[in-house]
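There are two complexes below, and they share chain A, which is joined by chain B in the first and by chain C in the second.
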Partner chain A sequence: MTNHWIDIANSDCILIMGSNAAENHPISFRWVTKAQLAGTPVIHVDPRFTRTSAKADIYAPIRSGTDIAFLGGMIKYIIDNNKYFKEYIANYTNGAFIVGDKFSFKDGLFSGYDAEKRKYDQSTWAFKMEANGMPAVDKTLEDPRCVFQLLKTHYARYDLDTVSSITGTPKDDLLKVYETYAATGVPDKAGTIMYAMGWTQHTVGVQNIRCMAIIQLLLGNMGAAGGGVNALRGESNVQGSTDHGLLFHILPGYLPTPAASLQTLAEYNKKYTPTSNDPLSANWWQNRPKYVASLLKSMYGDAATPENEFCYSWLPKVEDGKTYSWLDLFDSMYQKQFSGFLCWGQNPACSGANADKNRDAMANLDWMVVVNLFENETASFWKGPGVDPKQIKTEVFFLPCAAYMEKEGSITNSGRWGQWRYKAQEPPGEALPDGDIIIELFNEIRALYKEDKEATFPDPVLNLKWDYISNGKFDAHSVAKAINGYFTKDVTIQDKQYKKGDLVPSFALLQDDGSTSSGNWLYCQSYTADGNNMARREKDDPTGLGLYSKWSWCWPVNRRIIYNRASVDLKGNPWNPKKPVIQWVVEDGKGKWTGDVPDGGWPPLQNADGTANDKSKLPFIMKPAGVASIFGNGAKDGPFPEHYEPLECPVEKNPLSAQLTNPVAAVYGTARDIIKTCDPRFPFVGTTYRVTEHWQTGVLTRWLPWLLEAEPQLFVEMSEQLARMKGINNGDMAIVESPRGKLEAVAIVTKRLQPFTVLGQEVHLVGLPWHYGWTWPPDGGDSANLLTPAVGDPNTRIPETKAFMVNVSKKEV
Partner chain B sequence: MAGKSFFIDTTRCTACRGCQIACKNWNQNGASMTKNTGSHQNPPDLDAQTYKLVRFSESVDKNGKLAWYFFADQCRHCIEPPCKDAIEAYVEGAVIHDEKTGAVVYTDKTREANFDEVKDSCPYNIPRLSEDGRIVKCTMCFDRVSAGLLPACVKVCPTGAMNFGDREEIMAMANKRLEVVKAKFPNAQLLDADEIRTIYLVVDDPKAYHDFAIASAASGIGRKLAMRRMTKPASRALRAMLPG
Partner chain C sequence: MKLTRRDFLKISGAATAGLALSGMGFDLRPVHAFSMELRTKDAKESPTICCYCAVGCGIICHTSTQTGQVVYTEGDADHPINGGSLCAKGAAAYQIAQNDRRITKVLYRAPNASEWEEKSWDWTLKEIAKRVKKSRDASFTAKNEKGLVVNRCDGIVSVGSAALDNEECWTYQAMLRALGLVYIEHQARI
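On to the complex of A and B.
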């Protein structure tokens, strides 16, 4: 989230799309309801009428996988009806930038497409540069090659009729949503978007969110209270795990994973440290070398010196251009490219797309270690349905671990708040906290390396800084402090002295010379000389905006709403004086920011008399140009979002272009990767989701009787029309089948699903939750991911589990 | 009228079922191995282990607009509880009608009452028979409330659908909310507010939420209760004369 949970209450219009917030983030509705009571309209756009729709003021149905068409139509509406915030676009976004001559868009393809490699040459999307090394701009937004005009042209095709024929959303509903949301384009209003996996899990996942980001920028909703782009994370600590480098392409703190071609730290820093010729750009990533050096110091301690480039050479490198995502790992496992698997706190036999492929893949392993609270379908894949244990060679080890209330540590919520949690009770039996399991495991690995005189490349293992144990146990405080970072020698910075071993008070003080360590620069300030800031529980709210700045701690530097310098005009006055996030206040001739922690303390862009202040910086400090990207030339599938159908879709044509599906989507080629579009055997759109009562694959919640009682079995929701057509009655057992797998599920026949009219044809959609598996309960059903395809977004490689094709029939008794 | 009351604002209920689970948690009630019957409402009805149940009902208005109503069903803690009369027709002191809160709390002595009569006496179809013969239902978290805590279902509600407090404050809250809601939903109403301590705000025909959302005419507080009251002393006297 750019904002945070409580801030939803500040919104003037709440759009919930790609999310079923009332069911999957029930507490969010505390704040949604609060806003609603104050008169804020709540809009829900979703294929199904859910518990969220039931509370919304406006509900609009949408065929799953067509969000860009829907949102592209909103962009067109905003521009055509002059609802955009021109001053904001001209000054705080790249809307005024002139795009270079090489850029073009023709019939669904952007310039630079290489059909053989299924890849774009992104250099053709570069801006036109002036002699001074800065992008050419036209702040009137009238130059035909400026981003704003190209945007207007791009979405001119997304008229109401076309959008409605793709999405299946009635035109009246489209208009109602567009009008209501576009009303936040005035300076003193802000709309918010609450989205989740309904947007991300598509082959156009990143572009779904980009499309909304463009809308938020056109309306001036970024940086403001009640605005922003807000991802509702699917687990309580997804934000934290992402921040700490869970994904293959990043190290902690969003530092790119080094590739094999970058053999030295100097080369790495050169490649990944952006430069800007604009004196008004803070270009914050120019500090990257400090964060990398501090990370390496935290990993390798005294062994890391400036002379050896802080042991950069010890970091594992990825092959250039190769991806190592979840889909890639299971594809490799399926192809027997590796033989061992640590499966920690996850259940790929049920959670991964195309689950049968994953189950088959596990049989190719020599060994697998499963760490979990309960035996799950992954740990017992060798005795699952249709599997003969005698035929499975994989040796499975199961390590029981502690549940969240049985260990101490931090979690970081969607709003970036690091919150400390305490242990309530001891874990049962032999179960250990994850930290202790890791400590024991690594100690053993290190001992083996020590013993083995011929061990390959032992240095990174033998020299790893590993002092996170007190009283023989994993010490969460010691890890939290290492993440924050220490001074590694006595230093004086801006007349202030710091001693070796002092905790670094803020990432602004991190250095690239080895004098500081930090396991994650973004978390620098989370644990300081003042104590564990994540454990703070003060309830002061001086702004009245619900920032609660002394409750827990949030990254970066406790800034509760990021990009907040965009919430003020060029002179530092809030666009919305009733809800000022920050404000430039001059007292006795000296100016300062009040309110939230600003995105940098520089003065506003203009002085009170309207003259430019050359000490200022532009608001989007993480972007080299200092402004937000309406034209996003970093995405692998194009600088503007374009509607493409899901890889499995019910239509043969895309009325917007000749390009039916995302030309650079990630696809895999094993015998288990079967994709069928417009195959009469699979005529219905399928989608997956969660319910309030269960969590993920249900490994925890299926064992909680009160929750299981409320949602005991796999179900498939379908319209009355489809049920009639297939002779299925409410409560019957139905069979749902995709090109990849087959499931039995209880039919819920409901008015809450309605057929869509798509390109003049009736299209039905069915949906299933993915919470179930064979271990428990006895008639619970299996994973809905047996149906889903392992195809991915080209940027993130998240699988397209929200739109695929199935058939349904009644189970004959 | 003193005592406590609930205000259940169904317009704010998201059917997260936090209340249903919190109730089981506080009362340490178990769960049944249910099946999905084609509805998200589960268990399908109140039972001896389920004092609080969120009911789900789909409804289409005359303009074709779909609504999905959620009704967090529980004991209404009647101002004049007919079940008390029905139980105490058989056994004296089996029901505590707490003066301070107005809570209607069943004791273990309810084993000696006639369950069918008790069930029939309730206009809201609330009491259930447990395996050990006790008649059971929501206690208004009498133990929590006596200790100055909120009922478990109210404490856990994230949206403010569940409210609890002094009768006067709750009535004021309910009436104020009703006025606001009426602007958008002209059919909004408080259900049987003068007779009971669990006051629901609904925006449509109460029957669209649940058959027993309002007192059923069949067993209502009216004539049947009056009859029972009239016959009570006699039936107790009669029972006293019977052996064993």
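On to the complex of A and C.
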């Protein structure tokens, strides 16, 4: 989230799309409701009428997988009806930038497409540059090659009739949503978007979100209280685990994993440290070398020196251009490329798309380690349905771990708040906290490397800094301090002295010469000389905006609303004076920012008399140009979002172009990867979702009697019309089948689902929760991911589990 | 006296609201107070944060000072996000803490075996370490096909975990990267 949960209450219009917040993030509705009671309209756009829809002022149905068509229509509406915030676009976005001559868009394809490689040459999407090394701009937004005009042209095709024929949303509903949301395009109003996996789990997932980001920029909603782009993350610490780089493409703090072509730290820094010729650009990533050096110091301690580039050569290097994502991982496991597998607190036998492929893949391993609280389908895959244990050679180690109230440490919520948790009891039996398991396991591994003089490349194993134990136990405080970072020698910075061993007070003080360590620069300030800031529980709220700046701590540097310098005009006055996130206040001739921690302390872009202040910086400090990207030339599938159908879809034609599906979507080619579009055997759109009472694969919640009693087994929801057509009654057992798998589920026949009219045809959609698995409860059903396809977004490679094709039939008794 | 469910709710509701006399004509307040006292009497309160979605609601765990066990959980009324309220899952926190279905011993499944066996931590961690070393050393790629130094372990992969605390996540990634793993993924990708 750019903003945070409580801030939703500040919104002037709440759009919930790609999310069923009332059921899946129920407490978010405390703040949605508060806004609604103050007169804020709440809009829900979703294939199903859910409890979120029931609470909304406007509900608009949408066929799953057509969000870009829906939102593209909103962009057109905003531009055609002059609802955009021109001053914001011209000054705080790249809307005024002139795009280079090589860029074009024709019939669904952007320039630079290589059909053989299924890849774009993104260099054709570059901006036109001036002699001074800065992009050419036209702040009137009238140049036909400026981003704003290209945007207008791009979405001119997204008229109401076309959009409605794709999405199945009635035109009246489209208009109602567009009018209501676009009303936040005035300076003193802000709309917010609450989205979740309903947007990410598509082959156009990134572009779904970019499309909304464009809308937020056109309306000037970024940086403001009650605005922003807000991902409702589904795991309690998925924000923190992402921040700390448990992903193939990033090290902690969003530092790209080094590739083979970057043999030295100098080469790495050169490639990943952006430059800007604009004196008004803070270009914050110019500090990247400090963060990398500090990370390596925290990993390798005294072994990491400037002379050996802080042991950069010890970091594993990925092959250039190769992806090692979840889908790639299981694809390669299926193709017998790995011997060992660590599965820590996750259940891929149920959570992965095309789950049977994952289950098969695990039989190809020599050994695997599963860490969890309860038995699950991954740990016990060797005795799953249709599996003969005698045929499975994989050794499995099940390590029982502590539950969250059985250990101490922090987790980071969607609003980026790092919150400290305390231990309330010992883990049961011989279960151990994960931290202890990690420490002890690595101690054993390291002992083997110490013993073996012939061991392969032992240096990083032997030299990893590993002193996080107090009284024989994993010490979360010790790690939290290492993540924050230390001075590694006595230094003086801007006349202030810091001693070796002092905690670094803020990431602005991190250095690239080895004089600081920091396990994650973004968390620098989380644990300082003042103490553990994540454990704070003070409830002051001086702004009245619910920032609660002394409750816990949030990254970066406790800034509760990021990009907040875009919430003020060029002189530093809030666009919305009633809800000022920050404000430039001059007292005794000296100016300062009040309110939230600003995105940098530089003065406003203009002085009070309207003259430019050359000491200022543009608001989007993480972007080299200092402004937000309406034209996003870093995305792999195009600088503007374009509607493409899901890889499995119910239509043969895309009325917007000749390109039916995303031309660069991630696809895989094993015998298990079967995709069927417009196959009469699979005529209905399928989608997956969650219920309030269960969580993810149900790996925890299926074992809790209170929750299991409320939602005991798999079901499939369908409309009355479809049920009638298929002779299915409410409560019957139904069979749901996709090209990849088959499930039995209780039929719920409901008005909450209605058929869509798509390109003049009636299209039905069915939905299933994905919380179930064969281990428990008996006869509770199996994972809905047995049906979903392992195809992915080209940028993130997140699988398309929200739109695929199925058949349903009544189970004959 | 025969009470219907509706009558009972009326009575217990009145007691909670603090009326002097209940519908039955006697004062229920001491009974009510006593019953509340039993559950959390002398219990130690520990704040925690819910383990499910990422709203980050505060929960208070009450731990018996006699048994050291969590005896009650409730929403943290001081927490600015949830103000004491919880959804069904968060409200069931107690059943995570007290649940006889938890796995309490290390389990091992040998190749082609049909059952789990219970094992000690010591044996298990040593055996896993042997396998990690064997797989790593056998699959280690010091240089790629182009002759570039990559120092990578290609034979072991990891998934997980958004279920860990930040400090555990960081420590886990440090271990994996020291071993040279590049297939490192977790919930954020799916």
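Criterion: the second predicted complex is superposed on the first by the 813 of 813 C-alpha atoms of A that agree within 3 Å, B and C clash if a C-alpha of one lies under 4 Å from a C-alpha of the other, contacts with A are read in each partner's own complex, and residues count from 1 in each chain.
The rule we apply is simple: contacts are C-beta pairs under 8 Å (C-beta built on N, C-alpha and C of every residue); 3 or more make two chains touch, one makes a residue touch a chain.
The structure presented is a predicted model; accordingly, all values stated were derived computationally and were not measured.
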{"item": "First, second, both or neither for A:A710, with chain B first and chain C second", "value": "both"}
{"item": "Partner chain(s) touched by A:T516 [first = chain B, second = chain C, both, neither]", "value": "neither"}
{"item": "Chain A: partner with more touched residues, chain B or chain C", "value": "C"}
{"item": "Which superposed partner A:K393 touches (first chain B, second chain C, both, neither)", "value": "second"}
{"item": "Touched partner set for A:N654, first chain B, second chain C, both or neither", "value": "neither"}
{"item": "First (chain B), second (chain C), both or neither touched by A:E693", "value": "both"}
{"item": "First, second, both or neither for A:T488, with chain B first and chain C second", "value": "neither"}
{"item": "Chain B versus chain C as contact partner of A:W344, first or second or both or neither", "value": "second"}
{"item": "Partner chain in contact with A:L329 - chain B first, chain C second, else both or neither", "value": "second"}
{"item": "First (chain B), second (chain C), both or neither touched by A:R51", "value": "first"}
{"item": "Shared chain A contacts, counted only where both chain B and chain C touch the same residue", "value": "26-27, 30, 692-693, 705-707, 710"}
{"item": "Chain A-facing residues of chain B, complex", "value": "12, 14-18, 20-21, 24-25, 30-40, 42-43, 58, 60, 66-70, 158-160"}
{"item": "Touching residues on chain A, where the partner in the complex is chain B", "value": "22-23, 26-27, 29-30, 33, 49, 51-55, 691-693, 705-713, 715, 729-732, 746-752, 777, 779"}
{"item": "For the chain C and chain A complex, residues of the former touching the latter", "value": "44, 46-59, 61-63, 68-70, 73, 78, 80-83, 85-90, 92-93, 95-97, 99, 101-114, 116, 121, 124-133, 135-140, 142, 144, 146, 148-190"}
